[in-house]
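This report refers to the structure that appears directly beneath it.
Each chain carries a letter (A, B, C, D and E) given by its place in the written order, and its residues are counted from 1.
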Amino acid sequence: MSFFLTLLIAFPLLAGLAVMVFSSPDDGDFPRWGALVAAVVNTCASLGLLSGALAGEHGWLLRSFEEKRAWVEAFGIHYWLRVDGFSTFLILLTTVATSVAVAASWNSVKSRAHIYFGSILVLSGAMIGVLASADLFLFYVFWEIMLLPALFLLGIFGGSLRRDALYKFVIYTMVGSLLMLVGVVFLGAQHLAARGTWDFGFDALYGLPLSPGAASWAFLAFVAAFAIKAALFPFHTWLPTAYSQAPMPVTFLLSAVMAKLGVYGLLRIAMPMFPDAAQTAAPYLAALAVAGVIYAAFAALAQDDAKLLVAYASVSHLGVILLGAFSFSQQAVVGTVFHLIGHAVTTGALFLLVGFMAERRGSTLISDWGGAARVMPVFATFFMLMMLAAVGLPGLSAFVGEFLILFGAFRDYAVLAALAATSIILGAAYMLWWYQRTMFGAVTQPEVARLKDLTLREGALLLPIMLAVIGLGVYPQPVVSAITPASVQYLARFGVEPDKSPTASPKNLEPLRHQSREHAHQEPVTSH
Amino acid sequence: MLTYAPLFPVILLTLVALVAMLMSALVRDASRTGVFSAVGLLFVMALSLQQWGTQQGPANILGNAVTVDGYSYFFYVLFCLIGIVTVFIAMPHLEREQAQRGEFYTLMLFSLVGMFVMVSSDDLMTLFLGFETMSLAIYVLVGWRRHQLRSNEGVLKYFFLGSLAAAIFLYGIALIYGSAGTVNLQSVAALLTAPGSALGVNGVFTVGVLLVLVGVGFKIAAVPFHMWTPDVYEGAPAPVTAFMATAVKAAGFALGIRLIAFLFEHQQLHDIAHIILFYGAILTMFVGNFFALAQKNFKRMLAYSGIAHTGYLLVGMLALPEAGAGTAVLYYLVAYALTNLGALAVAAFISGREEKFDNLEDFSGMAWRYPLAGICMAVCMFSLIGFPLTAGFFGKYMLFAAAFKANLAPLVVIAIVNSILSVYYYLRVVVVMFVEPVAENAAAPETMPLATKAVLAYTVAAVVWSGVGTFNVTPFFPGLVPLRAKAEASMKALTAIPQARVSTGTVEGKSSAPLQANAPLIH
Amino acid sequence: MIPTHHFLIVSAALFSIGLAGFIGRRNLFIIFMSVELMLNGVNLSFLAFARHLGDLGGHVFTFLVIALAAAEAAIGLAIVILIFKNAGAAAQSDALSVDQYQALKH
Amino acid sequence: MTSSYLVSLVPLFPLLGAILLGLIALFSVGSGEGPNRRLVGLIACLGPILSLVVATRLFLGLYDHPQGYVHTAFTWFSVGSLHVPAEFWADRLSGVMIMVVTFVGSLIHIYSVGYMGHERGFTRFFAYLNLFTFSMLVLVLGKNVPLMFLGWEGVGACSYLLIGYYFTESEKALAANKAFIVNRVGDFGFLLGLFTLFWYLGSKGVWTVDFATIRAHADLITPAMAGVIGMLLFVGAMGKSAQIPLHTWLADAMAGPTPVSALIHAATMVTAGVYMVARMAAVYGVAPAAGHFIAIVGMCTAILAATIAITQHNIKKVLAYSTVSQLGYMFAAVGAGAYAAGVFHLFTHAFFKALLFLGAGAVIHAMHHEEEMDRYGGLIRKLPFTGGVMLIACVAIAGLPPLAGFFSKDAILFAQWESGWYWLYAVGLFTSFLTAFYMFRMWFLTFTGRPRDAQLFSHAHEGPAVMNGPLLVLAAGTVTVGFLGLPEALGGSAFAHWLAPAVGEHAHLPADLSGGALAAAKVALHRSEWLFASFAVVAGGLGILFAWLKHGTHVLPVFGQASGLFGVFQNKWYFDHVYDALFVKPSIHLLGWGTRHVVDPFIIDGVVRGVPRLYGAFADTIRLLQTGAVRVYAYVLLVGMLALLSFVLTKWSF
Amino acid sequence: MHPAFFYLLSFVAIAAALAMVTQRHPLPAAFALVLSFLGLAGVYALLVAPLMAILQILVYAGAIMALVVFVIMLLNVRDEDLPREPGMPWQLGAGFAVGGVFFAMMVDVLSKYNSSPVTVSELSRAYGTSATGEPLFGGIATVGQVLFLKYTFPFEVISVLLTVAVVGVVVLAKRRI
């Protein structure tokens, strides 16, 4: 049995606690360096997951990383970790995002740095735990632990409206969590009723015979929990407040990973464990998701604070992702998981940039900016790239996922997918408008004229993100093919067979209607 | 001699109490009495644990006036644990209040004797006497700050309402005695299940049972018998509040479970109890959570929160026929006790002299001044919410699981709604302590006494440790870990009694048809 | 022979008068004595039942209750004294009124 | 054929150039002078020129391999039935396109070295331009729809970047936004078209996004479905190629540097829509209704843009609307199924419109970036070369033989007539008159008459050789390329013949004729071709005459606000006003404002905050029930007890 | 004994009880309560509970009530210390309403408690008779036997309870702690 996943989870958790406990409140350097070293080490370690993921035909699970131990035997609760195509890259994303978040907060945390950096590490560990759990109970435990450091980071280090944001955040997520607890207990009890024992292992709960009426309620309980995390309209209002009030590196982490976990939960638990209820409810949920896409896009259009604008943009994009999660075509499912990563990179980067803007100008109000591209050209270049990535330009990270989702969802919900596709117009509208108002135009404010361009540290932070943005956009196939087997497994739970592979064309290329004879029946010259 | 072995823990505890009484008269340094009490309780706990491990089945001695079974031992250990922690909360507290007197520990020990009695008998009258012994000692403890009006008022209210409840309880016992001819619960259970017996549908008996339930409901603060709780909790010194919120409530539930367990043996009584508990639980949960939100005083808030938790526990009691429900209730009691001890230990420390600063706003920013207190409070609040990796989570989880199995899904949903409501006020405490600026008027000393530190560290560790759920590991925390492991067996011992009675009864089988539908308590 | 339930009804009457006194009066002493009256009502029930059943348990219970009442009386009176001395000094009048003590509320 | 990897090389060179230049630009920030402009210019021109070399090699090879070359570089992404390789396909259609792109692109790169020589952000400009060339090449070479979409969006982004090149001027940045967003509306339709196509074909058992496979299986699509798909895809073309109602961005796009306008907004990018429709010829072949619709939209755009063009004062705006108008022609052609004619017009238009823009650039360069014709006049004396080449281009676009525009436009108009769409033909003919009018109006206003700004006039001078060279080459092209597409009467179109394997051949004669009937039909065809050609020549000539009468003879033409119908023309038919009132303002001020200030804070958060607030208020109220009076507590206790007792005693009888 | 004794004694007990709750000053109320207890002692005697009757007089009416009276006197309750109870009739009326409802319910329930009681002869047979022919039931010997054989544990518990009371009173009443 491998300890790899346990290490991956426990290392940041323990390092985080150690940073909190063994550092004096006035000391900034120890937590900073400690957290950075821990995060980077964990990032490097997590690369080990790729050995399995990229090995090619590895089947559904990376069996070599699986760990299973009894935890509470009386209730069939296991300490059971494993990863598959859905979770591998999200774990990688988490570790990388943690490192970036730590580095991005280097100078911005003035006091209580030990709590700050410790919380980030604990958050990271809990998120990896959520992603690696193969037992519903364990999943729930990690899910809840995740809330704590987020609470601290928002409540202690947040902006001036942090109390409001904190309450909203907590109320929303706790409502979701407790509803999920009902669902967890329900599933356990159903297993008990059907099989005579308690068991919370995912494998035991998939395909469990459920009583339809109660199952749909339990399904909704799970969906509520996950939808709140993933900011499904109309449960999204916590997100803009929390994202705009949290320190930007934290927002980066929340937006890049935590919001994604809601979608992950849908794909891992809510949908496949209640296939019937899921298929019944999916159109309505998809409609909500699409409503969110459009709604948040319009809201983003009307924001005058960059933080809120990006937050609403993120809600809008999450709507697209959720649409994918509620669809049952392979493209949509793979696209959903891929977009979790692709969108994480772009939105995360935008939040980082907004953070840099806040550090420089002391304000993220759009009206406090204007013409900055002349003053900080390198910043403007990075910003442009991320902005174009965020609007889903092909060849950059967000395109593939968005395309696959819309593409796949179109099969099940043509009208909804079409409505969701309006986000490519609206997204361009608010993003470009924002960029233009912030970066373009003449420099009219003396404060803007004094701004400094990107520092080396910030550039070094953005560089890997930039490479990821381009890399995922240009050559997504390795990731896509690693996700694919898991998606097949996932769809099989709904009785959905994957489409046949592209047909070798049943007939040869025939001449067109009016085509002249001498060019007919000539094969194109190909070489691969 | 060995016939009386099951009584040894009670006897030992009484001896400890008597020695403490002598010490309080003779030894000048009262803190020594405190230490002695703690050590004595440790011994009692060790003895209980040892006997728990060795004793086979329930022991009925002294003409069935004493029944000591696993259930009793469970509570012995729990009471001892609470007692020891209370001593350590009280010692620095009393020192600061300059009210360090041996009688405090003596009375606490005597009230523990009363509690021990409450769980060592099936005889209603004995139970009642235990109940009163406990109550009388607590009355005095509540009024410990005798020059403070707040404390006086608390004891006044508690004493008068307590006497009223005691009288009602006693009247109930009288009616049961009159209708059943006995006040021994085992005999009553046997009569209830005896074929052709009309006891279960006897009006006098039923009213007697209801009156007894009112008395118990008073002690566990079930709505509408809860009104005294916030006032008394607020008026009492924090260590006493801690003791009341944990030990007294646990004792009340110990009594309640015993009563309910035999009531459930009879169909009609089961129906009655079911309906009462059902609506009582809902009412209790809602009242607790609604009132708690509006509180500004921390101890008052905890009092209402305690009422809400009584509601959750009532859900568990309702599910009692279901396997695991008893375990859930007992485990919940432990979790709740640990959590409240931690929270009130923090309050006892932070509130300052005479607890002038026990309003929530006075706790503002205190987590930064006293990190351990902050952590402890946060852990306790999260445990009360039912957050994973805390004791409260497993408690709630087990309760809900049992209730689900017992087809009480509506109650579970209501309980969840209430849990959501409760998040508000629990979290506010954490927010106040961590997010708000440090309060200027705080009067707590700069350094935290060792005993307080020990208590806080212990409760944090215990709450988290039992939340991790690693029950099978060698106990790091005396009394805590085996509790969960053995609670199941203890519940079996308790609920097996009526069954054993039935099987040894005069006539085999149950003749009355409705009884058939009644599910046995333990599968 | 007087039917047992006559005794029981007398007992219930005493208990009810105790109840009425408890909630109908403000005087601490009278409230206290109302409780005593209720206990006596219960005692009567015990003895009536004992006679009815021919069982001496009721007598023992009565005995125990009397002892209990003594203990309770001691504690209760001590509390009343304490309150009277403390609060009486503070409040110029109505020191014996139970309604005087309403500081802990809401 | 061993050299098929060359297909992937074509877009590679500009990409490498773009990356290199981008890095140079990024690392030279703050280094004062910036990088060596000569070196940068060299690198910049190298990309498209190398591509041109490779493209020429491929193009020549296509003569023997009409089905083209395919090279799969790697798998872009592949999920289940959706297989999207990065696969490039040079067939005869894309062959023409890569020639246009690389040839015109190279010339414009060279021209820009001169034109942009003194601009800040020189390197950045060429990085964008190279990136554009790359995207455009991907667009035309991509063998499947998503890959084409990559190029499609890529050129859009580059267009955005280049229009906003002078970003310190807010209105130019806004023009860039507008271009991108309006294009996105088109892309929206394009994507939906792709989705419909894929899932519809998939339902027939063919899962593909590959152009060749789609072409082979287009007959599986029902006409109605093909109509829907065709319309949706055409929406994409509308955006990219500035057709009504998505044409509004192109005129604003003139905010970019003039070479950009020449390359992107005249010669290449804007023709992508036409190319796409030609690529999907098989699908449109199934849906004649969609074709008709496209033709109508095209012709409407043509005349609408022409009417606007006759009222514009800005030289680039005139050219911009001219472009829109010409694009309309192209769509009219492809709508009528005359793909060869459409693409041929695209081909010739690339030459003369690039020439016009570059010539205009030379004028603007000479006039110190003054673009308003109000201040031109008499420039032929200062800029004889520029005036000369522009005259050639104007004649070409006016449709006078034997220049390129004559043949291509004639073929289009004839195709309308042949399709039986006589109204469209009439509109086209009238537009042809307007075209000649506004082009010569522009030429006369610029080059003849008296100078209207003496100071600017006195400083005007011809551009450097690096600018004039490309003008000369393009002029030569304008004169000669027309002969590739002769009408049947003059021996038939080599161009159409060349394209036939890719888009099919537009049959001028019924297929079932033979012998004498065929010969007779041929004679009739040739006669009508002559007839219609003469109509076109007359229309063009009239236009020039009118322009001469109105503007050539006046010493000082009147400029100012036109009124009446011309007012509508000058205000671009109020499209911008309507869009602003209908879409832009309501989005921001109604929907955006409403979500931000009403729905989120009051409705949703009203619940989120309201429920807790209610909870709090309720709690604050009921806490008063705890009065603190012992007797009240006792009452509650006793009443509770009595309620309990009475409930039990009444529910169960004892 | 004649049933009239029962009704007379009951009347005394109830009337005295009523008098107790209606007195303004606690001292007359205490005396009324003593009277009531005495009446009750008589009823106890009617119930063949001589020991309890004696204890009632000795301990209850004697000791406990003496304590109460003593405390009332000790506190030297002035008139103004007594609660002004202007609305006392109303309050008491409400109290009696609650008590009355309870009483009515109890009467309803208890009146069904009419099975035939154990007869005197049966008592005599079970517990024996004294020299005068009275049953030993309820006498000091029989009660003591039961108390110490069957109810040892509660007896021990009550001793603890009394100890608690002692300690408690010491704590509460001491001048300074």
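By definition in this document, contacts are C-beta pairs under 8 Å (C-beta built on N, C-alpha and C of every residue); 3 or more make two chains touch, one makes a residue touch a chain.
The shown structure was predicted, so the numbers you read here are calculated from the model rather than taken from an experiment.
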item	value
For chain C and chain D, chains touching each	B, E
If a chain touches chain A and chain E alike, it appears here	B, D
Pair sharing more residue contacts (C-beta pairs) when D-E is set against B-D	B-D
Chain closest to the assembly centre - both centres taken as Cα means	A
Farthest chain relative to chain D (centres taken as mean CA coordinates)	E
Farthest-lying chain, centroid of Cα atoms versus that of chain A	E
Distance between chain centroids, defined by C-alpha means - chain A, chain B (Å)	45
Distance between chain centroids, defined by C-alpha means - chain A, chain C (Å)	68
For chain B paired with chain E, centre-to-centre distance based on mean C-alpha positions, whole Å	32
Euclidean distance of C-alpha centroids - chain C vs chain E, Å	9
Multi-partner residues of chain D (at least 2 other chains)	612, 623, 626, 628, 630-631, 634-635, 638-639, 641, 645, 649, 654
Chain A residues counted as touching two or more neighbouring chains	167, 171
Touching two or more other chains - residue numbers and ranges from chain E	91, 98, 102, 105-106, 109-110, 112-113, 150-151, 154, 158, 161, 164-165, 168, 172
Contact pairs between chains, per stated definition	A-B, A-D, B-C, B-D, B-E, C-D, C-E, D-E
Contacting residues of chain E [partner chain B, same complex]	105-106, 109-110, 112-113, 149-154, 157-158, 160-161, 163-165, 167-168, 170-172, 177
In the complex, chain D residues that touch chain A	1-2, 4-5, 26, 29-30, 65-72, 74-83, 89, 91, 146, 149-150, 152-154, 157, 160-161, 164, 167-170, 173-174, 176-177, 180-181, 184-185, 187-188, 191-192, 194-196, 198-199, 202, 205-208, 212-213, 215-217, 281-282, 285, 497, 500-501, 503-507, 587-588, 591-597, 599-600, 604-605, 608-609, 612
Residues of chain E that touch chain D when the two form their complex	91, 98, 101-102, 105, 108-109, 112
Parts of chain E lying in touch with chain C, wherever the complex brings them together	3, 6, 10, 13-14, 17-18, 20-21, 23-24, 26, 29-30, 33, 36-37, 40, 43-44, 46-49, 51-52, 55-56, 59-60, 63-64, 67-68, 71-72, 74-75, 77, 80-85, 88, 91-96, 98-100, 102-103, 106-107, 110-115, 117-118, 122-123, 126-127, 137-138, 142-143, 146-147, 150-151, 154-155, 158, 161-162, 164-166, 168-169, 172-173
Contact footprint of chain C on chain B as seen in their complex	125, 129, 132, 136, 139-140, 143, 146-147, 149-150, 152-157, 159-160, 163-164, 166-167, 170-171, 173-175, 177-178, 181-183, 230-231, 234-235, 294
